[in-house]
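Before I ask anything, here is the structure I am working with.
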Amino acid sequence: MGADPRFFPARGPFRLAALAEAVGARLVGEGDREVSGVAPLALAGPDDLAYLEGRRHLAALRAARCGAVLVSEDFAAAAPEGCAVLVTPTPQLAFARAAALFHPRPAPVPGIHPTASVAADATLGEGCEVGPFAVIGARAEIGPGCIIGPHAVVGAGCVLGAGSILRAHAVMEHCLAGAGVVLHQGARVGNEGFGFVTTAAGEHVTVPQVGRVILGDGVEIGANSCVDRGAGGDTVLGPGTRLDNLVQIGHNVRTGRGCVIVAQVGIAGSTELGDFVVVAAQAGLVGHIKVGSKARIGAQAGVMNDVPPATDVVGSPAWPARETMRAFARLRQLATPKKDDKTGGTP
Amino acid sequence: MGADPRFFPARGPFRLAALAEAVGARLVGEGDREVSGVAPLALAGPDDLAYLEGRRHLAALRAARCGAVLVSEDFAAAAPEGCAVLVTPTPQLAFARAAALFHPRPAPVPGIHPTASVAADATLGEGCEVGPFAVIGARAEIGPGCIIGPHAVVGAGCVLGAGSILRAHAVMEHCLAGAGVVLHQGARVGNEGFGFVTTAAGEHVTVPQVGRVILGDGVEIGANSCVDRGAGGDTVLGPGTRLDNLVQIGHNVRTGRGCVIVAQVGIAGSTELGDFVVVAAQAGLVGHIKVGSKARIGAQAGVMNDVPPATDVVGSPAWPARETMRAFARLRQLATPKKDDKTGGTP
Amino acid sequence: MGADPRFFPARGPFRLAALAEAVGARLVGEGDREVSGVAPLALAGPDDLAYLEGRRHLAALRAARCGAVLVSEDFAAAAPEGCAVLVTPTPQLAFARAAALFHPRPAPVPGIHPTASVAADATLGEGCEVGPFAVIGARAEIGPGCIIGPHAVVGAGCVLGAGSILRAHAVMEHCLAGAGVVLHQGARVGNEGFGFVTTAAGEHVTVPQVGRVILGDGVEIGANSCVDRGAGGDTVLGPGTRLDNLVQIGHNVRTGRGCVIVAQVGIAGSTELGDFVVVAAQAGLVGHIKVGSKARIGAQAGVMNDVPPATDVVGSPAWPARETMRAFARLRQLATPKKDDKTGGTP
């Protein structure tokens, strides 16, 4: 079963020879054969192209009904009879590229919906699509080929680079964004951060939050995620950084290039991430720490100190992964009653 | 004190005999007596019906000022003088049903608000209410008696069953939903999932997300929760499944019937839940695991492996509940200094 | 570098003598000298006023290029030559007040945007600003000087006090709010809580949620946070209480004055907080417990029992902070292999 055409009309069909060339794979089989869509291995039918993600799905490949499969050299022989084979060292990446041929990101349908509210002094590049009830504020500058979805808001003075997308209900304010940026449904960018000083009497006095949000090229912000603007100075997400849904980014956080921040992570104010840092789901990072490039933070970790580059940490409070795993194994062992000791516990 | 009539105009008053019959309780006292509203035991006055939740509220019952109370046989004698008693084995359920007589879910006020944007080829059943600035996309099919709240969005091609409700700012896209579905304020359904492949150079290449979201009859999605559409194939929430607020559901997650997912839970891609699974608040489930029917996941648990049916797990990483409780007790014991050991620690 | 004038036009410049008087500091240096903005110490230039947060930023002060600095008596001597010194016992608070002189909260621009939908019987005080696509429901009462942002919704019957602000996409329903209340982008107030009873057959029967939300003066609700209305009776946030982003507040929760609830915290139904309680990020509190005034809950804590006043708890399950730290240290020690013990572990 390929994609539902009511939501995802597919281009194609494509000849396997053309697909192989487009994604840099070596075709084993007839080049003239065609496929008309892409699908996961378990769901793919004779007209679909699938891929093998790794050894643990080998059984699924042997049972597959797909017309063609992207697979690495080692597993090519496992494809069932009648299934064409496209050999590539990176099957998942090749699949992403093939899928994009069938389902390219929908291009903007140029025009401003009659219900949209666009400031007279805002500027829009060529070929932008502005949806119903979208709001574009004074002096905003929107590059060519952007899509501003229904109810999306581009605040006064904001800059949005070419080919960017605001999905339904996304909001950007006090923000300068590069090209190819995507804000998913309900993303909140440039909101006032949680900045106040408490008097001796317990009154919270707001510190004016007069910084911005700077989004590098290709940054993506997940649904209902929040990126607060700087208190003074900027909150910065480096080029290619991707946030999943329901993520919280505090004021003056900075990330390098290509960081991956999974769902429900929270990063407190002024913390800095290097390049290609991965923060797994529901982890939390306190403010004012530094996480080195290529560090990996485990799911639900609670990070309270700097993390050196290329280091894995897990747990709350977070320790190096190996040490934490040993501690949990030890704890489990201590808590297991010994056979000859009904009171349980100590070895 | 009953409900504030400015927000919740009440039907009634109702005779106790009629209420008892409607909810299947046995009335002890005069059937002609009337009550005009429902309220919690601690707040209820002489015109209100309340209920006793369990033994630990017995003192509250003895001190209650309510006109009538739903109570189980065992505790019926504890009702104060002057308070009529309605005996039922399930007081809370009976209360829910009685409350719905006073406060039925508001019916749609049929009509399309003049500011709403409805595609010419969308279809709406009889008696739908469409609020201000709602957007209904091309070819959308909305069943009879639905309420589409202010700023809600029903995307192109979506199907929504009879009697469903989208509250203010809810969004559904790429979604087929059954009857009696409720999306609360700001719910995001059918957004693009977090699907990409990273090249050796660190570039994240999006995998087109060409699946759907399928919502069974009676599914409810809490405020600002997110349900990503399938990458290929579908994300499926089974009939009667309820999500609380700020929940994250990744692409291709599947639940069975009647699951309960409490606030701020995250479930990663392709994980499958059986029927009647309960996931308590802030728990996280990694992707590609299976949780058996009637399993219960504790609050803040971090579930990294399959969970058998009807099993309780807690902790992060999650273990069976009993074992985890023992481990924590043991840890606490190890950390308690002994009286004769000032260095603390080992028993 | 001060604030970007495209987003934050500054008042001023101000004479240092005037600033010192306004914030209650003692000026050391020429009173006629002027500064034209505020900035963090590390970014401030010769025209900016900065402040020293504490001893750990002393090196930054010595290297600073700011024109003037707010500093406590002890560190006044560390200011570099040419930098004017304003001495105050509370530099950060004085900075907040000075910053508000340069950047006062933008006043409403009175008027109702032509696209807004305002019910005929709603009342608005003097000088309110109502943005594009805002919705104000029947009988709503909005005090003078409020700002209702783009797409914000004030539900039927709601009351909003003077000088309050709803940012873009904020929603309030079934809510009575005091003066000076702020709902940030996408905040959801007054949504139906997660209230249902499950039958023996597994059907979830909704309990009508007929309570309200009461917000005290000066309450702030962060972006995409959710505050459910009471089931019966009210959900109450006391005066001055501040919620960060993505916080979940269940039905019938009550807080006292000036509580601080940091990002991604969840508080389950009917739990009560005293005054000035601080709940750090990602913590979770079960329902039906009491947290005493000035208690402090650590980040990611899982609080399952009452917390006495002025007590610090951390961990999940939460224990008193000192005990937990000892337990974790002990666990770490147990998991560290001894030099002469290659099997690791036991002391």
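As written, the chains take the letters A, B and C, and residue 1 is the first residue of each chain.
Just so it is clear, a contact is a pair of C-beta atoms (placed from the backbone, for glycine too) under 8 Å apart; a residue touches a chain by one contact, two chains touch by 3 or more.
Please read these numbers as outputs of a predicted model, since none were measured by experiment.
A.B. asks: Looking at subunit A with subunit B, do both copies bring the same residues to the contact (over half shared) or different ones?
C.D. replies: Answer different: the two copies use largely distinct residue numbers here.
A.B. asks: Can you give the rotation angle that fits subunit B onto its twin subunit C by Cα atoms, in degrees and rounded to the nearest 5?
C.D. replies: 120
A.B. asks: Where the CA atoms of subunit A average out and where those of subunit B average out, how many Å apart are those spots?
C.D. replies: Centre-to-centre distance between subunit A and subunit B: 27 Å.
A.B. asks: For subunit C, what residues touch not just one other chain but two or more?
C.D. replies: 115, 133, 151, 169, 186, 224, 246, 264, 282, 300, 316, 331, 334
A.B. asks: Which residues of subunit B touch subunit A in the complex?
C.D. replies: Spelled out, the residues of subunit B in touch with subunit A are 115, 117, 133, 135, 139, 151, 153, 155-157, 169, 171, 173-174, 186, 188, 191-192, 194, 196-199, 202-208, 210-212, 224, 226, 228, 231-233, 246, 248, 250, 264, 266, 268, 282, 284, 286, 300, 302, 316-317, 319, 323, 326-327, 329-331, 334, 347.
A.B. asks: If we count contacts the way the header does, which residues on subunit B are in touch with subunit C in the complex?
C.D. replies: On the subunit B side, the touching residues are 1-4, 6-8, 38-40, 42-43, 90, 92-93, 95-97, 99-100, 102-105, 113, 115, 131-133, 150-151, 167-169, 184-186, 218, 222-224, 240, 242, 244-246, 257-258, 260, 262-264, 275-276, 281-282, 299-300, 316, 328, 331-332, 334-336, 344-346.
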